[in-house]
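What follows is a single structure, written as structure tokens, with notes after it.
Letters A, B, C and D mark the chains in the order given here, with residues in each chain numbered from 1 onward.
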Amino acid sequence: MALSKQQIAQRIAQELQDKWYVNLGIGIPTLVANYIPQGIDVEFQSENGLLGMGPFPVEGTEDADLINAGKQTVTILKGGSLFDSAMSFAMIRGQHVQLTVLGAMEVAANGDIANWKIPGRMVKGMGGAMDLVASAENIIVAMMHTNKKGESKLLKQCSLPLTGVGCVKKVVTNLAVLEIKEGAFHLLERAPGVSVEEIQNATEGNLIVDGEIPEMKL
Amino acid sequence: MINKVVKNAKEALEGVENGMTFMLGGFGLCGIPENSISELVSLGITDLTCISNNAGVDDFGLGLLLQKRQIKKMISSYVGENDEFERQMLSGELEVDLIPQGTLAERCRATGAGIPAFFTPAGYGTEVAEGKETREFNGKMYVLEHAFDAQFAFVKAWKGDTAGNLIFKGTARNFNPMMAMAGKTTVVEVEELVEVGELDPNQIHTPGIFIQRIFQGKDYEKRIEQRTVTPKS
Amino acid sequence: MINKVVKNAKEALEGVENGMTFMLGGFGLCGIPENSISELVSLGITDLTCISNNAGVDDFGLGLLLQKRQIKKMISSYVGENDEFERQMLSGELEVDLIPQGTLAERCRATGAGIPAFFTPAGYGTEVAEGKETREFNGKMYVLEHAFDAQFAFVKAWKGDTAGNLIFKGTARNFNPMMAMAGKTTVVEVEELVEVGELDPNQIHTPGIFIQRIFQGKDYEKRIEQRTVTPKS
Amino acid sequence: MALSKQQIAQRIAQELQDKWYVNLGIGIPTLVANYIPQGIDVEFQSENGLLGMGPFPVEGTEDADLINAGKQTVTILKGGSLFDSAMSFAMIRGQHVQLTVLGAMEVAANGDIANWKIPGRMVKGMGGAMDLVASAENIIVAMMHTNKKGESKLLKQCSLPLTGVGCVKKVVTNLAVLEIKEGAFHLLERAPGVSVEEIQNATEGNLIVDGEIPEMKL
């Protein structure tokens, strides 16, 4: 069965490594914070100027001066720090943030990503996404495998304006975990009960299926 | 010590004119210069270019200037949390220049720091890099980005002293310190204006040298855009 | 919270090798990483390239490494407060690359901030600009300067917590924060190592994300180069 | 009579304007701080990371962690601030410091300055001088009119390696106050009792003497 958004987040959380600083985008990525594996320490960076981001505040303690990049009220953990936007993107551009998790409208087999603009529609802007994808050593895209029309979002080539080129290394969807290398999607894991054929049908870009593909463990 | 204090927003905004370029601090509605924005609305000046990470919401922040059609052009990283913005943009009344957030922040810093241009990886290979110089350094591609030129910067700080030294609070810091450095005239409004000597010189976020005018702000609403909480247990 | 604490200088310097490039904080003898320098002397590694605003005095700071001829090249803005330095430089044993102080500071920041190159006016028309790209912006000439590449940065802070968050004191801050950002491995020694939660997150000069190792320093001499005082009245 | 170093500093102090941030170099420039005219507020910046620099500390209160760019122990005034070297040179490069006063070995009639290197001799480095002269809108050079051999330091062209090009606007020496414009030294004031001829003889670069030249008032 295809994963829920929560389960996508849960699977991505397994990619976290001890001592990593992590930037989580809006949407599914935000949920990753709920599934940090036991025994590892990670710290969340919010690009509006916050390191050591904690959970939402207890009702009544929310502070207008303490928000995340999604403009949600948050808390700061002991050992966290606050800084300006130039310092925040110095961290990102300087590759001090080990992992970026973000959503996408399209991902291509060459690692290109499009997630900020649909021509003809209202464009809200790229926010920090272009800085994040141009800089991070590890980028995981969290998204549905297909769009609302049922069309694949894992493409030969992006059709939408790009956010970044050749930068995505891993994609976790409701159907599969895929690695991008050598211009192709390499199938690593299937969602429980989802067949390779289903994944193949939902993937427009070149899909490499090498040997037996295990089911995800959640 | 050099005294930067002015009486109020009216005095602080002396010299603003139609057609000028302004920088305005804040991320979403967090840390925006509420008093200066109100005064700009009152003054009714138009054809403004506003450099600000966001564009406010319909009835708050820069949305107030948009409602009165005072803004000709927005330079931002993320906009459109408000309907009037969308209407003006789609109708072509409003020009919008969208810039990656880190590039926006660094361009503001560069402006204040006397750096006319720098290379950044953000936007390489995208339409953001179109028409710009690109170059490879250590096997990676970068885009050349330039400093801004802004007549006024409007900044909101938590505490400030009469010499213009500033301390920001929480994530209300965001773009404020770089914009404070970057304005030809930097106007600061503070929640608490104190005498020199009350702030620890080792803990000042923005030294007073960058500030031309500072005033005690009033009636802060500090609206929250997304109130997310966990229930009391 | 990610813990960066190591036991002592010996553990903090694991991995340093002959021929490496280091950054070392400090201005004159103010804010230098005394413990790390001592440990480098003990380790006896050689052929080092040291990026540091100054080069210490004969018997303190980087002078200690010079005495033992461990340094192959200095990258500094001002040197020569010590005779051994002068001897080695004039005899050609020591390479010296002199860089304007602001350019040195900005290149350190650029290294940490993922900016591979930027334009600065400093040194235009002088031998510092020889062989470098120059360009005009708004009628003024600028020189293109590049980021560094340093395996280790050795930094001295006043207080630090176990997550690597740092606070500097007085003018001992100087180059330390930028170098802290710039090292592939950044090693910090502090006068006072505290638990997370003891430092105000709003008042941290260098966020822990930049730091790989932190330790409680000891036996600080904090030598004064020019003791200038006014007599007690 | 030619001015003493103290008097050069005293004359330069008359150039200070209210609300100016000022960077004083090592040597004569440092002395300028002793002669701030009454009724104006200026603040001194030290490029090692200090704004609002005060006098030397009272004996016994000196702090190794509070020095100026000359490595001397200093104090910080109320309303001062401390910052890192990148911020310090952001102030300088960004032209937030209104005046730089520094010494020189040579100044040329085109505004070039040389003050950091003598070929064949031990070179100590330019420190912050190149950033300062390339950035400041107002640069006043404080120096002796001639060197120890009696040779003019105000030249047609600098012979030593340059610190900056076309940047010096004003020179105050033991003999005169001179403005540099249109490729020449324009004599503004004479030291008390010093004749125009003496100044002319001590100036190698083109010297413009326009009308009656007043004596300095100290």
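Keep this in mind: contacts are C-beta pairs under 8 Å (C-beta built on N, C-alpha and C of every residue); 3 or more make two chains touch, one makes a residue touch a chain.
Fair warning: this is a prediction, and the values are worked out from it, not measured in the lab.
Shared contact partners of subunit B and subunit C are A, D. Computed from the mean C-alpha positions, the centre of subunit A lies at a distance of 36 Å from the centre of subunit C. Centroid to centroid, with C-alpha atoms defining each point, subunit A and subunit D lie 56 Å apart. Averaging C-alpha coordinates per chain places the centre of subunit A 28 Å away from that of subunit B. In subunit C, 106, 109, 113-115, 120-121, 168-170, 202 are the positions where the chain touches two or more neighbouring chains simultaneously.
Residue positions 76, 82-83, 86, 89, 92-93, 135 of subunit A each touch two or more of the other chains.
Taken as a contact graph, with one node per protein chain and an edge wherever two chains touch, the assembly fits none of the named shapes, being neither a line, a ring, a star nor a complete graph.
All chain pairs that touch, listed by label, are A-B, A-C, B-C, B-D, C-D.
Those residues of subunit B lying in contact with subunit C across their complex are 106, 110, 113-121, 135, 137-138, 140, 142, 146, 167-170, 202-203. Subunit C makes touch with subunit D in their complex at residues 27-31, 53, 76-81, 86, 89-90, 96, 98, 100-106, 108-109, 120-128, 158, 168-178, 205, 222-233. Residues 46-50, 55-74, 76, 82-86, 88-89, 92-93, 112, 122-131, 134-135, 161-166 of subunit D are the ones touching subunit C in the complex. By the touch rule above, subunit D contacts subunit B in their complex via residues 19, 21, 41-43, 45, 51-52, 76-83, 86-87, 89-97, 135.
Taken in their complex, subunit C has these residues touching subunit A: 1-3, 109, 111-115, 161-163, 165, 181, 196-197, 201-202, 204, 207-210.
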